[in-house]
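Each of the next two complexes has subunit A plus one other chain: subunit B in the first, subunit C in the second.
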Partner chain A sequence: MADAEAAKSLSALLHGIAQSVFYKRSDVTEELLRAELFPELPPLDFRVLHDKMRGVVKSVATADMDRAQLEAFLTAQTRKQGGGGLSAEQAAALSRFWKSQRVRVRESLLAQSRWEPGLRGLSWRVDLQAAASRGHAAHSGPVALVELELGRAGQDSEFVCLEFDEAKVNEMLKKMADIQESMDRLVQHT
Partner chain B sequence: MASSHAKDSSFLGGRIPPEIESMSKNLKDVDHDMFRRILKAVVSALDGKDCREVMRTIAESSTIPQKRLGHIIAGMYRLLSEAIRIPTSSLKQEAFKEDLRELRIPEDFITDFSSVVFGNRRAALEAARSLNDPHLPTIEELKWRVDVAISTSSLARAMQPSVLMQMKLSDGSFNRFEVPVSKFQELRYNVALILKEMNDLEKRSILKIQD
Partner chain C sequence: MLVSDCDKKKKKNRRKKKKRGENVVRLSTVHTSGFDSRGSQRGESIFKSAGKSNISGDELVSRLEDGSSKWPKASLQVLHRLWTEHGASVHAQQDVQAILSIGQLVDMQWKLSMAVSSDTCRSLNSPYVCLLLKVVEPSGHICQRSFEMTIPQFQNFHKQFKEMAAVMETV
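And now, the complex of A and B:
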């Protein structure tokens, strides 16, 4: 049916807008979306549609609306007189879109305010030193070799390799406990 | 004597290092006083200290030509390095002295060498030497901070906690990075696991590697 087709195109448009605005896909352009999804629509009419949808999506995303807030917002939009409002189909498409994409969009927006490299992962192994060219091996105990993977959004990872003796690992664990305690206290207050 | 034929090769191995051969040839021209001065400087070098000044003073106050002096110092340094490398359970004092006698080193000097290798400075020298082993940087200092992003330019209501860490490494470099809450849990879990592995390792007898 024409309705189902229209709904699909609308959904796809919203996803396309998300790709471009939030997920940094510069290859998803307005022209591409028009050609793929609304080829019969005159460019100017498409622009109006595209801009309206993008504006709504951005408002919803910046406010990180929960279900109740979204309902209220969309209802208000559909009640708007004149050309600026949303149709019932558009509101429905937006509702579906936000339900599935909210977490991902929020994550990408948070990432935009992270300027330090983030910890992406780590790997490690524990070695036993058996011999050394200069020193006397019997004094060593187990040694942990750790590789930290750090990186900024969209950039390649940097790897930092470190070694720890047992005392150092203990020290690190104690710091982790302190950090955890600090975070737990935060949760109590908020 | 019969005992020396039954003995294994010298603690220096099958082939005596050239600088030690050369040293033993040149030592006969060195008086005990001068020897002790050089020994002191060499031990200081093994300890990781800068002894260029001391060496310069020795060179200037000595009648021994610089080249020969260089051979002597190199030989003494190498001899002591090799001896300290071997655990005392493997190289006993008597065997060490025998090996030095085979090199025709004067008895007084052998006693002095021996007191360095088997004396109470030994542990400190071993520790200093092991600093030269190849190793990765360690964390000298770890500072951290727990932040909550209340609001950002992209998100009006963020309310997102994260941990900011700054590591100072033993090679002087700094690393600053952010750890999201989920990754922090992973980090903490892994650190605890590493400690457990290390503890387990100590309990197992594999740690008692005998030679």
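And now, the complex of A and C:
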């Protein structure tokens, strides 16, 4: 019974650490985790546990360990002498944690490494100009209006509205075909 | 045949701004003609930024006074009244105009990159496409916008443009 509870608290601690370190939840603090999960543990003891778990999680995430690498790493950690190693229960909790969170942690690390705004959304419509006060012959014909939603992680979106005539759309398509070609060549070489 | 909704809204706003904003602008030209060129430039930019920051009539008057000591008191009183009545709509027009500003693409540059490693993740191994757009706004001002896309995002982006072209062909 006590073991199951201890395992649950440990798992929850690892998830809490992930929330704070990777998913940028600033409200998930060390103190909150202690109060919720290990209320009977003295603050200093909890700090030692928390820091050790965080260190291990960060190492595993930075190296993006696969199953084999993780097993090897955890085994080495459990064999460590002195207080710096991991217990069997802790290793088991870490193994379960990484199995379920690896993809999500990796996604958030990738997102953190993107410093340009990302494309959050794209909408478009095609208009046909019915009439114009100055009779621009060049503008007769369909016009595409494109709205790009751009934004950096954690920031509000910016909207960029552009208009394209048919020629411009075809220019864009040609460039995108070039990009696709480059991508195909890249895949062939790897 | 479709008539652009965007264009309709733009025309409506231009008419509105002409009616209300014009009173304020006309008054300022009368009084800045006696000033040096710096004074009149400052005057115009004070009104523009006043609209953008949605300040009160009191604040506008104090900014004008800071800009130049030559504003006659009577003019300031009229300006205060006009701004209190119409300042909010000038601000609203500027807001809407910013949203409805539709640019034209002048140039598009691209690069295909592979994010290899970072301080938080040793093996990123993540390819991405980065686009740099040169856009000319209705005001004539050219600005650059850049953004990143993952490979699936780029492929969807490409697909959208293909659909756009198909629609434009049939219209």
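We take it that the second predicted complex is superposed on the first by the 186 of 190 C-alpha atoms of A that agree within 3 Å, B and C clash if a C-alpha of one lies under 4 Å from a C-alpha of the other, contacts with A are read in each partner's own complex, and residues count from 1 in each chain.
FYI, contacts are C-beta pairs under 8 Å (C-beta built on N, C-alpha and C of every residue); 3 or more make two chains touch, one makes a residue touch a chain.
Please read all numbers here as calculations on a predicted model, not as lab measurements.
S.K.: Following superposition onto subunit A, is the placement of subunit B relative to subunit C best described as a clash or a fit?
M.R.: Clash.
S.K.: Once chain A of both complexes is superposed, is A:35 in touch with subunit B (first), subunit C (second), both, or neither?
M.R.: A:35 contacts neither subunit B nor subunit C.
S.K.: After the superposition on A, what does A:153 contact: first (subunit B), second (subunit C), both or neither?
M.R.: Once the two structures are laid over each other on A, A:153 reaches no partner at all.
S.K.: Of the partners subunit B and subunit C, which touch A:76 in the superposed model: first, second, both, neither?
M.R.: After superposing on A, A:76 lies clear of both subunit B and subunit C.
S.K.: Select, from 5-13, 59-67, 113-121 or 167-175, the region of subunit B that bumps into subunit C once both structures are placed on the shared chain.
M.R.: 167-175
S.K.: Which parts of subunit A are in contact with subunit B and also with subunit C?
M.R.: 61-64, 106, 109-110, 112-114, 116-119, 122, 124, 126, 128, 130, 142, 144-146, 148, 150, 160-164, 166, 168-170, 172-173, 175-176, 178-180, 182-183, 186
S.K.: Provide the residue numbers of subunit B that touch subunit A in the complex, in ascending order.
M.R.: The touching residues are 81, 84-85, 87, 126-127, 129-139, 142, 144, 146, 148-149, 152-165, 169, 175-181, 183-184, 186-188, 190-192, 194-195, 197-199, 201-202, 206-207, 209.
S.K.: In the complex of these two chains, what residues of subunit A are touching subunit B?
M.R.: Residues 61-64, 106, 109-110, 112-114, 116-122, 124, 126, 128, 130, 132-136, 138-142, 144-146, 148, 150, 160-166, 168-170, 172-173, 175-176, 178-180, 182-183, 186, 190.
S.K.: Name, in rising order, each residue of subunit A that touches subunit C in their complex.
M.R.: It comes out as residues 61-64, 106, 109-110, 112-114, 116-119, 122, 124, 126-131, 142-146, 148, 150, 159-164, 166, 168-173, 175-176, 178-180, 182-183, 186.
S.K.: Within the complex, which stretch of subunit C touches subunit A?
M.R.: Listed in rising order, the residues are 1-4, 6, 99-105, 108, 110, 112, 114-115, 118, 120-124, 126-130, 133, 135, 145-149, 151, 153-154, 156-158, 160-162, 164-165, 167-169, 171.
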